[in-house]
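The following blocks contain the structures, represented as structure tokens.
The two complexes that follow have chain A in common; it is paired with chain B in the first and with chain C in the second.
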Partner chain A sequence: MACTSAAAAATSSSSSLSQLQLQSHFHGQQSGLASSGTHAESLRTLTMRVNGHCCSSGGRGGGFGLGRRRAFVVTCKVAPVKKTVVIGLAADSGCGKSTFMRRLTSIFGGAATPPRGGNPDSNTLISDTTTVICLDDYHSLDRYGRKEKAVTALDPRANNFDLMYEQVKALKEGKSVEKPIYNHVSGLLDPPETILPPKILVIEGLHPMYDERVRSLLDFSIYLDISDDVKFAWKIQRDMAERGHSLESIKASIRARKPDFDAYIDPQKQYADAVIQVLPTQLIPDDNEGKVLRVRMVMKEGVKYFEPVYLFDEGSTINWIPCGRKLTCSYPGIKFFYGPDTYYGNEVSVLEMDGQFDKLDELIYVESHLSNISTRFYGEITQQMLKHGDFPGSNNGTGLFQTIAGLKIRNVYERILADGPSVLNRAKI
Partner chain B sequence: MACTSAAAAATSSSSSLSQLQLQSHFHGQQSGLASSGTHAESLRTLTMRVNGHCCSSGGRGGGFGLGRRRAFVVTCKVAPVKKTVVIGLAADSGCGKSTFMRRLTSIFGGAATPPRGGNPDSNTLISDTTTVICLDDYHSLDRYGRKEKAVTALDPRANNFDLMYEQVKALKEGKSVEKPIYNHVSGLLDPPETILPPKILVIEGLHPMYDERVRSLLDFSIYLDISDDVKFAWKIQRDMAERGHSLESIKASIRARKPDFDAYIDPQKQYADAVIQVLPTQLIPDDNEGKVLRVRMVMKEGVKYFEPVYLFDEGSTINWIPCGRKLTCSYPGIKFFYGPDTYYGNEVSVLEMDGQFDKLDELIYVESHLSNISTRFYGEITQQMLKHGDFPGSNNGTGLFQTIAGLKIRNVYERILADGPSVLNRAKI
Partner chain C sequence: MASLAMASSSSVAVFAPAPVMTQRPTAVFSSVSCVRMVHPQRFGARRRTSRAVVAMAQPQGSGVETQDDIDAKVAKSLEEAKATCKEDETSAPCAVAWDEYEELAAEAAHARDRKKLSQDPLEAYCADNPETDECRVYED
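Right after this comes the complex of A and B.
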């Protein structure tokens, strides 16, 4: 429900990926709660490009999971990952999560692809270091089941948090799992696919921080918070243009989702280490177009392995209009804000960008004035933004803050890794 | 009219000053326009501490100038100054010029003193490198003459710009002058005192930039621009407390001076390289007390030897509230602004400080974030401000920007000196 089809979002993988064998298991069980057994009924071997870090997993190996029709199991001979760092990304559907994930995997090197040769409607994206799983795959009710019981996908009752917890925990412990697939095209639950413990596991979707047990597994968490005005504009664009929904059905869908969204999704903000808020611009008086955006990154203070980005002077309050003598920006210009604040009772730092970049000069100029951005070299943010100039938001704060969030996740990962040998259970699976 | 009595403002001189001989010339001529002859009638020799850089000047030597009763001539045997850099400082009376001058001379080392042994009502301040002359000394009409002709001291007709130009030019050319003295106590024109060409000559008063010829002699110029509200508060404090004027007479004086001030003083702003504006705070809504000040330094771009100070990012627009996690400020806090602007058709940079410093932490923190301040070592501004913590404005933007202006003047002086041998006429006088 909340995830773009990974297959649609995927780009072709780079030549550096290692060749792995994929075995797909067909079986005929009904969808339901997790079991650690195997659900394969028949096997076929496929070649899959997974990115050099997977763990060995037997054809009928003991991963958690289930599916309705078939399961994919990956085998490989590379060294097992020492630690799996788990990142949570929460947002409503159509909020740019898939773009965010493509930015993130790009930062780690290599393109993100869906499991090669598997279910073409898989929501999973795999790159060298990162596996992104869509939490829609943990829907316990498919589209028809939700309709029957009159619950939305946002409702916890339509989701299987026990299985979500078990599988994320298993992956974090180095065990592969049999993760179900929610098919966004058919609205049905497809047979599971095997997920191997990656270096970085990103769980993205509606509820990564809803369940306390799942939340406790997260090493870092992000909430994409899109204001209603902007969300509406985005949803129209995507659901009308890409999914063929009518304007009226979109409006009705938003109205119908609102109570559950407010009840179950929105409250997760308070748990996020970073919240990216997308709001209408303040640079154009009474702007209704929603093309120019004001984007804020709310960063929690005191989070282990995470130092908030700052502008010029850490902890003070700053408004900065970089356009001036050294940099000429076209109307309506660019404006930054940075300062301390409180958010749901937590001490946070806020970095805000209003407006959009016209050209490279502006972006590198801004980057050069930000601190704690966890880049490896001067201009890395600009390089990433340029590399994906065709992604939505590459000229504004959504792209900038998604890129920065990606760099911070990489930094969190590296620091956790540097913190000595894993204490997690890496028992044979 | 515009200068505080130098004698009252002076502090005792330091022990590093050189001993010089001062000869005072008594004569009986009436005050009038300049002549380059000698007006001495009798001589007596006094010991005067001038600060190590004066030129030889014969007892009846050919300085410009005249006086009514007596003239002082200084002789010494130290090397003549190679260049005299001329600084103009314009402001209305009671606007902190004498404090500014004490800050300036302190930056150059040594305390500022009036000519030792001379007229106790001299307006001149002398330190190691700097001689400050008060342009009130070029009043052509004394208090009674002005009353008779119904002109204020602000009126060009009450001032002798020909003599002002000739004497500033002579000093700049390395010649000593016989400068008149306007006695602020008696309101009369006293006999002249000899002024030797210093390294830095500051001409301060109502009209340093009024006359085009005088203006052309200035290497750097500053205008102290006090808003009417603040000026009124200051004038009351000084003229009532220190000069015993009544509130009504001060109000009447301000009202009477306003038309001439607007006609003759205010327009000089446009020629200044730096304007220091003093305004009521914006941190306290509807503040009427005038205790907390908002001070702006408007710095002209493209001035030779002068690079405007900036905050964080040169040429962009910034609001900065330094009080936050790293620095805690008490109510109403401190707020800075920096950005480009135009001023009388000129491109300028503006640096603004609203609020006041409570303690050293805040000052050094702010200093560490300013660039192009022309300090010789880290913390020089803070050191200067602390050294003169008892001066008015040491806890706010007036003290800060006066100190910065002093550093910029020192920098202008050093760069002019470094620019090779003087091309000025240093003929024997």
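Right after this comes the complex of A and C.
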């Protein structure tokens, strides 16, 4: 357990000290500062405040460099979580129900469900460690208001950024908030619900990085960039089974929203720490089914706590086709690219995958060649992908990079916690 | 529909909710709780227990809006969008109309997914927790 290991660390330390800083990574808990008493005492009491569950343990230990036997009594107190890590996700699909969210909450453990006993049309998802907030809840204009003022939901004029900033800040500081609910079915703003500060807060929506103040609160941000062709193909898959929709209407809706999208949503790409771009494949000429995808993960360099994933050698340019003698793949195969680049004036590293996974072997083979993936054990990515084998994108780069992004977020979270209460500001440099 | 019996005194025993029993045309209830009301004994008076079974309904999801309602809304917004954009395809009202259509179509798709999952609670649970014992799948 966290306490006994920390106590052992305390007792084995032989340097003379007046303060001990103990670190524990058990489920992301952090331990506070421990201060010992003054010198000439035969009994020292070490009081440690450890977040989370903890049993009290007594330890006996060698001297602190003074050659005398001392007994240490370690008592643990359960303290509330004081640190909330905020992650921003910019995506155009509805809130909180996207595959990315489900993969992310699965990595942290436990299933995310809407708040029990509350408004059944709530967009919020809550699991043990994570709370996912949909930014549509901060619409200042409901559907009828927007029709009246002739603004789309993509327009910042339809959103209350002051309230968004205020509430995300409050949650980050550990205070509960009363967050409004935007009911997607009725198009109206419902009475607010109470949100308790979680360990990890994910804000998902169209404008997580639009407002500068909200941007400064984010510890890590991701932008999901779907190209128009792929968007079109996905919407066809989603809607064509139902009566009433047609190719023209789907094309028209994408085209009509594009000006606002390009003006307000797209520029957020430059602020994201990681951009996941989904493009049509280059392996099949003239493919317009959108089944095989080329997915690129553009990772910003120099972000605190975040090391980009790389292939073989960091900083070089690599083109890699894993299929060959050791691995046989079926058509169209798999192709990887890795290299440095600039993106909107920032230094980035790009990892790209084109093609599809057909079998388990391919997945584990690819995973074994990627570096800096922040897995806890060998095969964790494969395990996560298989665990959600029925999710869309589980056989191509979308699932792979979403899983990697989730592991990176977990890594950022653990490292922020490990830094302890001394790090009060956001993680970015 | 649900009805509450009048009771003047307090002691109430609440039983565990039973699964869905009937499908009503207007609303779907996810669970029905039964409440038994018992009058406590008054001094000297003959003991009289009156029991009234009270059914309390807990609406499931957006109880008022069914799948058909949402689909009807989507169809209506599609008509509106086509009509608005007939005059000018680049105007703001046209964009707003298509935006509304997109929002409703997304919500309809989510409602369909929710409905699929809600039909079998085990499926819903296993979708998110495939590693638990109940959800393990063995292939030989």
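As a working rule, the second predicted complex is superposed on the first by the 327 of 429 C-alpha atoms of A that agree within 3 Å, B and C clash if a C-alpha of one lies under 4 Å from a C-alpha of the other, contacts with A are read in each partner's own complex, and residues count from 1 in each chain.
As a working rule, a contact is a pair of C-beta atoms (placed from the backbone, for glycine too) under 8 Å apart; a residue touches a chain by one contact, two chains touch by 3 or more.
As the structure is a computational prediction, the values presented were derived from the model and not from experiment.
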item: Chain B versus chain C as contact partner of A:S253, first or second or both or neither; value: second
item: Which superposed partner A:D121 touches (first chain B, second chain C, both, neither); value: second
item: Partner chain in contact with A:R143 - chain B first, chain C second, else both or neither; value: second
item: Chain B versus chain C as contact partner of A:M240, first or second or both or neither; value: neither
item: Superposition-derived comparison: chain B or chain C, residues of chain A touched; value: C
item: Chain B versus chain C as contact partner of A:L283, first or second or both or neither; value: neither
item: Chain A-touching residues of chain C, taken from the complex the two chains share; value: 59-63, 65, 70-71, 74-75, 78, 81-82, 85, 89-90, 92-103, 105-111, 113, 125, 127-131
item: Chain C-touching residues of chain A, taken from the complex the two chains share; value: 93-94, 97, 102, 106, 110-112, 120-121, 143, 146-147, 150-154, 183-187, 235, 238-239, 242, 244-245, 249, 252-253, 256-257, 259-260, 387-388, 390
item: Interfacial residue positions of chain B with respect to chain A in the complex; value: 312-327, 339-340, 369
